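Below, each structure is written out as structure tokens.
Shared between the two complexes below is chain A, which pairs with chain B and chain C, respectively.
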Partner chain A sequence: MADFPDHSGALAALVGQSSGPIELSPDPVNTAMIRHWVEAMGDTNPVYTDHDAAVAAGYPGIVAPATMLQAWIMRGLKHTLDLEAARAAGNAPKGDANSQMMALFDEEGRTSVVATNCDQEYFRPLVLGDRLLVKSSIESISDPKQTGLGHGRFATSLMEFFAVPNDAVTKDLTNEQLAERGALVGTMRFRILKFRPGTGAVAPKAKPPRPRPAITQDNAFYFEGTLAGELRIQRCTDCGALRHPPLPACGKCASLNWDYVVSEGRGELLSMVVNHFPQVPAFDYPLPIGLIALDEGTRIVANLAGEPGDWTIGDRVVAEIVRFDDELALPVFHHETKEA
Partner chain B sequence: MPLNLTTATVAVGDQAPVLTHTLSRTDLVRYAGASGDYNPMHHDEPKAVAARQPSVFGHGMLSMGIVGTALTHYVGVGALQTFSVRFARQTWPGEELSTEITVTAIDGNVATLEVKLRNGDGEEKVVGQATALLGAA
Partner chain C sequence: MTAKHTFAGKVAIAGIGATEFSKESGRSELRLAVEAVKAALDDAGIAPGEVQGTCTYGADTNPDIDIARSLGFDDLTFFSRIYYGGGAAAGTIQQAALAVSAGVADVVVCYRAFNERSGNRFGAGVQGRAPVANAEMAHFASYTPVGLVTPAQWVAMAAARYMHVSGATSEDFGRVAVADRKHAATNPKAWFYEQPITLEDHQNSRWIVEPLHLLDCCQETDGAQAIVVTSLERAKDLKNGAVVIEAAVQGAAKGQDMMTSYYRDNLDGLPEMGLVGRQLWETSGLTAHDIDMAVLYDHFTPYVLMQLEELGFCGKGEAKDFVKDGRIELGGALPINTHGGQLGEAYLHGMNGIAEGVRQIRGTSYNQVTGAEKVLVTAGTGVPTSGLILGKDH
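== the complex of A and B ==
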């Protein structure tokens, strides 16, 4: 495994720090966003959309769904795009504890992230006109742990939500002052796992076998050959022309008489494609496939070893007969090394 | 605050009505807009495939929200006090997701409920726990 630094000390220093300044929700709790939310959820409870129904149910008016808590303070796409543009221009705003923590995780090789837990507390339902503020901090960072997904650390952020009436928001008051006047209406703890990709403890699922070729009288010699470790190429016994893939008749003289030669498996890469889609679980991706001009004089389509970027048209190649399972072996072409 | 359940009407072992929702790509788009979570893994198929995912997949918080819908239908919006979930598996478009909510403890006027969201094959997508206030008998 690559050598990664251990930032335990620097990470411990971030625990308890606020992730950034207190933020004010862009909009007060409103019916339009509630309607979008309940429609996405398939929630038909009328207390979220119908004032009279909400009053009849005992609420002062329309209330917001409890799990919508965090949505009120999400800053949306524009904010994310602005941030990405700033980063691309080298003006990344830095310094808040959360981005410091993420950068330290990345340096430790923990570049993959997955959300693992969300805990919410609700102290009262949110009503139309509530304006939310959120105070975020890093509550805990775990020691490194081996998890099913990989070697990682768990980090829990704590968000405390305060509400003030929308008309209390004026330019004279800072977010901190507003939050002090507000009521704590809920909390949310969000736990993530940042882990090193490819270090999971869980063995990957067994791959299904490669698709079987349809074996015929004409091509059986070829697949029997690969199973015997040979790359057999069909030859017309009348005119001597080689042909591949196997066919009943010669394309040059139409003779039905043939045998085969055993190719050295050496040649030149004439062309290639990379199969991105559709992906079949039996194969590894990216999947480079080459058209090879064999030195003996015909062409063959076969898998290329390695990554697509390893290959250039005109490369000298040599076949390795790879046995995929008891029933199937096929040539895979590698770069020809100079030793031969 | 309205409380749907009272200490007289609820008992350990009671189950909330099951809510079933078949997840569509449109739901993911609607949820992205409603929640402000525009992570492309949830709506941009080419980006999700490039990240070696079979397709776009559901927001974890959308799964939590679906369970929350069934929970608040059962206990009442103002009765829900805490709600915690673990995101066990990703959700995929086309999956039929069903809630499973069981009262596991009653302590005074507070009920504890175990919650799950499963797909049609029974796979657990989220598992968690909630507490809700009960009205007086």
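== the complex of A and C ==
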């Protein structure tokens, strides 16, 4: 891994600083935005839409859902697109504490970001006509931590929301002056993790394919057979003896002439093991494997279906040809049922 | 096959040498081989320039000519390799004995060296091997696609059938591990020196592949062992005297396969070891009763029980009783693997077991069997294999 600088000192100096200028909500609290919100949320509480119901509930009139707090100061897609265009043109806003913090994180190699949590506090309900202002600052920056996602720092932004009556907003007053006159109606703490990509816990990988068999001119027919759904047993065409694993000649009569028969796939479990260690990633463990005496007279090593505890030496078995991928199919043995 | 082999009793082991046995040697396999060969020649009191022949395993990565250049050998007139993994062990001694008795080479060094723990670990099996289109790899085509990829797994298939037929239990296998570790505990050269185990430890160790627990499986080792073979006549006059090669044989039985001889009529034995045993008795003129101790290849415990039966130390299916009551421990009727075996001392593909046989005859084992005069040593099981009977020079 590359060596990255440690900006702990510079980052500590940013804590408590303003993230940027105080911003004013584009619109006052209004019924149209509330109605869209509650419809989207499926919230049918009448205090958000019906004046009489709100009064009956003890409010001065219609109130906004408390969780809309941040929605009032959001500025829509155009603002975001304009900002992205400015960044692309090299005119990104610089200098505020938030931008500095993000730049320092990037220099530390923490170029990935994820929002981790958001906590809101509400001090009074927002009513129609409230105009919101938001003041943002950096509340805390953590020491570097190893997290599941990667090596990173947590940063918490504090947003303080102030409300003034809409008619108090004039061109004569700055946002700062308005905020001073307003009432603190809520806060929001938004925490992010900025981390180095690729330094987290390794995500579980997709299971690799099973190890490939080494295929020669002597044994290819067997693996071609399983791919075709057949369990083939080599047969000497001179003396008729069956043999497995494949060999180029007959151990009984030394003939080099052979073909194969297709096994019924039935037999008896002669021996079995249950693999625990080492674990090859292509398989699930514990892994039961059996040595099967096929009814035709040859023997074969194969996987046993089900749990290891299901099996006892001497069990009757039947093969199912399982295709593991485009190149490999193998018999897997199940218990032979009585009706089979 | 009943005739006495012409070399039997006329060729001897004159020197043994080994590196330390570790989990990470920190040195090249070739250097380990060179160190062991040098130590064995020093033990024999033979100069490197007198070596005329070499023999190692097909699995060894260290060319004999590199060892020859490293130690300044003169001309080599015999160089040979035996395949089939640990089955080669005693076979290398047979090769040397044949060469010496035939007059092809006066001094032959046999060796095995590897970083089998810190480097290429055999216990991992063939899972990573490319499926090259040749018969050696096509052999595994019946096993790797179903997940039967390691030596322990291949042995377990035979062991499960053996248990089914003979009634032997996991505890019976465990008695082999307990005996080996008991012996290793008093052998300062053993990796598991001063670390004996109980049968309970064996039963509580985790499954590797049922029916085998972890403590049924030998360890993995970095190290090297070398053995120097020359004529009995010459060895008598050397520094440490002669350990007589009474018999040295190989065996690959009818229907033999590499680790997976699942297609012979009976699955509950090791016919190749039966073949080795019959030859050992016939060519040496000895019987199982003449053997004072045995080094039985123990990469996995079940095959030790089967070897006791195949070699005639007990009847078929009786090994489960034979191994009880300390009979295979020092002081018992047939102490085995007094160095600790491959479970306890080191996994050197059986070569360290030959060295222990030599020490027993010399009377220099850390776990000396009093008055040991005839020792039997076997090589890798489940594969084409080999065996030795070593005797005292009188």
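Simple rule for what comes next: the second predicted complex is superposed on the first by the 202 of 340 C-alpha atoms of A that agree within 3 Å, B and C clash if a C-alpha of one lies under 4 Å from a C-alpha of the other, contacts with A are read in each partner's own complex, and residues count from 1 in each chain.
The working rule: contacts are C-beta pairs under 8 Å (C-beta built on N, C-alpha and C of every residue); 3 or more make two chains touch, one makes a residue touch a chain.
What you see is a predicted model; the values in this text were computed from it and never measured.
Once chain A of one complex is fitted onto chain A of the other, the partner contacts of A:Phe4 are absent, as it touches neither chain B nor chain C.
Look at A:Ala282: by the touch rule set out above, it reaches chain C but stays clear of chain B. Legend: residue contacts after superposition of the two complexes on their common chain; A:Val274 is shown touching chain C, with no touch to chain B. When the shared chain is aligned, chain B comes close enough to touch A:His36, but chain C does not. In the superposition on chain A, contact of A:Gln70 is made with chain B only, not with chain C. In the superposition on chain A, A:Phe221 makes contact with neither chain B nor chain C. Looking at the shared chain after the overlay, A:Asn45 reaches chain B, while chain C stays out of its contact range. Common to the chain B-facing and chain C-facing surfaces of chain A are residues 277. Of all residues in chain C, those touching chain A in their complex are 123-125, 127, 131-135, 137-150, 153, 156-158, 160-161, 164, 206-211, 255, 260, 262-263, 267. Across the interface of their complex, chain C is touched by residues 210-216, 218-219, 223, 244-245, 251, 270-278, 280, 282-283, 286-287, 289, 291, 298-303, 308, 313, 328, 330 of chain A. Taken together, the chain B residues at the contact with chain A in this complex read 1-2, 19, 21, 27, 30-31, 33-38, 49, 60-62, 64-66, 68-69, 72-73, 77-78, 80-87. By the touch rule above, chain A contacts chain B in their complex via residues 33, 36-43, 45, 47, 57-59, 63, 65-68, 70-71, 74-77, 80, 114-122, 124-125, 277.
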